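Two complexes come next, and they have one chain in common, chain A, joined by chain B in the first and chain C in the second.
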Partner chain A sequence: MASAFVFRRAETAEELLFDRSLRTRWRLGLDRALGWLLPLLFLVAIVPILDLVYYIASHALPTLTWTVLTSTNPYDPDALGVPILSTAAIMALAIAVAVGLGLFGGVATAEFLPERSAGWVRTTANMLVGTPSVVLGYFGYFLLVITFGWGLSFLAGAVTLAFFMTPYIFRVVDLAYSSIPRPIREAAYGSGARPYQYVLRVAAPIAFPQILNGVFLALAIGVGETAPIVLTTTQSVIFPPTVFSPVTFLTGTIWENFSQPAGSPALALAFQAALLLMIVVVGLNILVRVISARYQKRLEGLYQ
Partner chain B sequence: MPDPSAPVASADREPLPRPSPSGRSPRARRRRPYGSVVGRLVPYLPAAVPAALLVAIVLELVRSSQLTNFGWGFWGSRWDPPDAWGIATFVAGSFLTALPALFFAMAIGLGIAIASTSYLPAWITRWLDPFVDLLAGIPSIVYGIWGYLLVAPYFGTVINPFLYRHLSFLPGFGGLPPLSDGLGLPVGIFILTLMALPITTLLIRDALRSVPRDLWEAGLGLGATRWETVRRVAIPYGSRGILSAAFLGFGRAFGETVAMAMVLNVVASYPANAFGSTGTMAAEMFLSLDSAYNNSQWLAALSEMALVLLAISLAVNLIGRRLIAQIVTYDVPGL
Partner chain C sequence: MSGDANGHDVVVSVQHLTVRAPQRTILDDVSLDFAASSLTAVVGPSGCGKTTFVRSLNRMVELTPGLEVDGAVVYLGQDIYDPRVNPVMVRRRIGMVFQRPTVFPTSIFENAAFGLRLIGEEISEIEREVEEALLRAGLWEEVKDDLDRPALSLSGGQQQRLCIARALATQPRVLLLDEPTSALDPAATQRVEATMQRLKEDYVLVLVTHNVAQAARVSDRIAVLHAGHLIEVGPTAEVLERPRNPLTAEFITGRFS
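And now, the complex of A and B:
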């Protein structure tokens, strides 16, 4: 008796197609409402980004001049020339060390290790990515600054940053070599290539764009990192640094100046450094996406 | 003549040779593929770099701390630098900021992922999805300066008083009125939500996209609405991926350093209420290394805090990655 009220089956085709029951209207209404409401959640991502960019830019641009960007005069505290050049120098050394540490491991993992060992190695690389950056900063501080006696220096900062970027390079190289189509590998080995010939002559040209991509990505991640570099170097006003001299870094400049009083030139400098950092990071990210989209097309072409 | 292919267990037949564990015959197993033993071990050398770095990190932290402080006092809540080294307040602070942030990031990320996989047409998501990726690319110190100078005063003058006025009957929301500088848990949770959001969104999106097309179409074909298909088919199918998004998003929020050092008023005490402030492990480590450098006991306590932070982060990360076969998206920091 009661079930007749709960499940009233449609008797005719018309009733089935034009079902006006409360339950059906609720189901369709909920679906339609969610179709309007869920996309609104994108605003949670979009509004902060636009607000952040506008806020940083509106505080950085009024006092931003060419001299601010290029002056390396150590007696001019409100210029970014020294931080910019020092950041470029640190990143150059750090990426070189990171590629040196990560490239060969990535190739070896993708090409020469048995699947089980490769899985373990990938797990360690993933764990290193999951290590909080402040812990890496402590590692750099205790090992390089104190135990090795390098002091708070250019070298210590760059090598710590390199440790931070190594797993990213490692994983990208591994992925690039693993995603080369299997027939190409089989053709190379089948026609008598030695492993090194396959790695260098056959696979490298195919994997190169993705590896380059990974390098840009690692640069973007590394240049925005604060904790490892602030813990292992101190500020300096002189460029060029020597290997063991203190050195300044863009994120370090922001960290030093962010709590200065409103309207002061030092705070404006922090905003300018932040704006520059965002332009570099977002630019590198866009570059990565463009390369990656092109590479995907090329890789698909290889299958034909 | 018995059929040789039939399964026979008679006593007069010789037992079949057991297959070797590797699946090949014993003779094939003895044959080496190519090269010498040394030659086959060489690739392990560069491949061990990440493992070596991890081991070196742990050993260096153990060496610099000598594990002097581990004991009852270390897990206590009194942190008073020259005298007492109890890290409980910082552990609690890390969880109190990361867990609510994870909750919001999962809820919003689930909504965005559902919208972009099953409601919006492709030409719109092509323009909207990059904003979420962009959120991941912004350096944490830029979040920090924005949070400290713009968001925190806004929380302090508008949002916190509003919440205090209307929610003070709830446990944890009453008590001391919020301060007007706004530095504290709400703004910290807000910033951490933004930082964890890209990771949760991308992983949930990947999980929902991995649902086979047949299942979507079966759900819709049976007369379920899009929402019912997502709710009853796609989310159960991708539940492991969604769970891993929670773990990895938590790992990101838990280890965040600089932004928290800027928007929290880092103190070694439990927050008085939801609007109070506290310290996280990462922020405290970052801020007090300078003052600790010539006090070996202080350095030891901080190194041990680093070990605790590392252990929790790695455990969370490992669980999150074990839940899914492979992460599709590689171009996000911390993923």
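And now, the complex of A and C:
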């Protein structure tokens, strides 16, 4: 039933345009209060972080020298040269394995698996992300170190860490490929693209910034992990000569040294390793923002 | 009912095409022939199955899980639903343009060259064929000096003509257009329509549109779909002036008034 709109009463422009009701005043007041409250909460959140940074830096910096960072002399226990190089080597192998598995699994799940199986794979990946890393460490210990007979070694550590990082990369790849606009996918197939041509030529450039994001995220998470490494390898004072040699790791150095007496060089080393890790993680985060912002620009207008 | 192409040079022949979704029948026993050098407009109210119809002409329906296709689509004597036929090859011969422009986030040149790269065309040939396709799509004059520009920087209408060029580059004989102007402004629509009119000399064009006025402007023949049935097909002027089916009349007048 249609009825004509009727003015209930004559309204002045002031009544119409200036809302002075109690509710509106309350809302505006709340709005203003929140404008102050939120920065305050931000401060509350950032203070512990700054304190942590200060605490670590104040213990690490006094004895930090160039030699501490670069010396690989096995008879110099208070140097980080070997852990740094070893960590870089472990991360390189681990990320290579994780990117391989994650890319393969993510693309397969997003593009080729039927919806039901894809759901199962995604659930499994989510469970893996939720698995405590110490459990994964034990898994790596029993499977790789014992069953495969790799011993407490570089290879066992790197592969266990790769298992830990794979689900993160998998999820990002899956999401990146799944969220490619359907019209783009149809246009590619409609032009006669074979599935692999769609995956490589059309989807890959679009998904790339997101995937890169995920790889850096996995690196940042992996480099800070302790349990998968300390359970599958053991300390070493030299860079591993073979993949089956024991290897040390920056978080392992922290793990081994943080119970040393206060004021000892060994404890300072733990703080120096921690400071280094923090800088690496922050650096990775900044890098990923810069790179993905650059690539995102190219895709402007695609997701309209 | 079956549609006659009014000619002997039939390129695509749709025979008893039925498409079923799990809950309902989207297309019910549609038969229609398409002759060379023709532009057939497929019209009908929304939900009548016209998009599904055009998507079944190059097996794009198979990208939607759960649809089941019966009947035959015969292209130059070969049923494209024959199990031995690779849908990829079908889509390379029967091009398609969609509702919204779907350019890829690369350069104008690479967009037009996309299909050619897929088939591994000789590098020396690609440049010539891209120019040819852009000329045919009526975009060459506007973009010839900056082919390296990102395709996403083009206007909507230019993007849509780039999509037409991309579909034409591999030299298909059939071009399917699924409401190609529904996302465009009037000026861009007019240019795409002019392109379609030029193209119908050399190709089999199948245009899906909800816009009867557009069908009247560009097509030689109109096919009317209603609830999955082909209720009328004939020369454009005839169908618009003397529709035989009362539903057609209702649909046309509803849109015109």
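In this text, the second predicted complex is superposed on the first by the 243 of 304 C-alpha atoms of A that agree within 3 Å, B and C clash if a C-alpha of one lies under 4 Å from a C-alpha of the other, contacts with A are read in each partner's own complex, and residues count from 1 in each chain.
Here is the rule we use: a contact is a pair of C-beta atoms (placed from the backbone, for glycine too) under 8 Å apart; a residue touches a chain by one contact, two chains touch by 3 or more.
Because the structure is a prediction, the values reported are computed rather than measured.
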Partner chain in contact with A:Leu93 - chain B first, chain C second, else both or neither: neither
Chain B versus chain C as contact partner of A:Ala266, first or second or both or neither: neither
A:Met127 touches, of chain B and chain C: first, second, both or neither? first
Touching partner for A:Ile46 - first (chain B), second (chain C), both, neither: first
Partner chain in contact with A:Val172 - chain B first, chain C second, else both or neither: first
Touching partner for A:Arg298 - first (chain B), second (chain C), both, neither: second
Contacts of A:Ile238 with chain B and chain C, given as first, second, both or neither: neither
First, second, both or neither for A:Glu186, with chain B first and chain C second: second
Chain touching more of chain A, residue-wise (chain B, chain C): B
Residues of chain A touching chain B in the complex: 27-28, 30-31, 34-35, 38-39, 41-42, 44-46, 48-49, 51-52, 55-56, 101-102, 104-105, 107-109, 111-113, 117-118, 121, 123-139, 141-143, 146-147, 163, 166-167, 170-172, 175, 213, 217, 220-221, 223-227, 230-231, 251, 254-255, 258-259, 262, 270-271, 274, 277-278, 281-282, 285, 288-289, 292
List of chain A residues in touch with chain C within their complex: 114-115, 181, 183-194, 197, 201-202, 205-206, 298-302
Partner chain A, residues of chain C touching it in the complex: 58, 60, 63, 65, 88-93, 95-96, 98-100, 102, 104-106, 114-115, 117-119, 150, 152-153, 163, 166-167, 170
Chain A partner contacts - residues on chain B that touch it in the complex: 40, 43-51, 53-54, 56-57, 60-61, 63-64, 108, 111-112, 114-115, 119-120, 124, 128, 130-135, 137-146, 148-150, 194, 197-198, 201, 225-228, 248, 251, 254-258, 262, 282, 285-286, 289, 302-303, 306, 309-310, 313-314, 316-318, 321, 330-331, 333-335
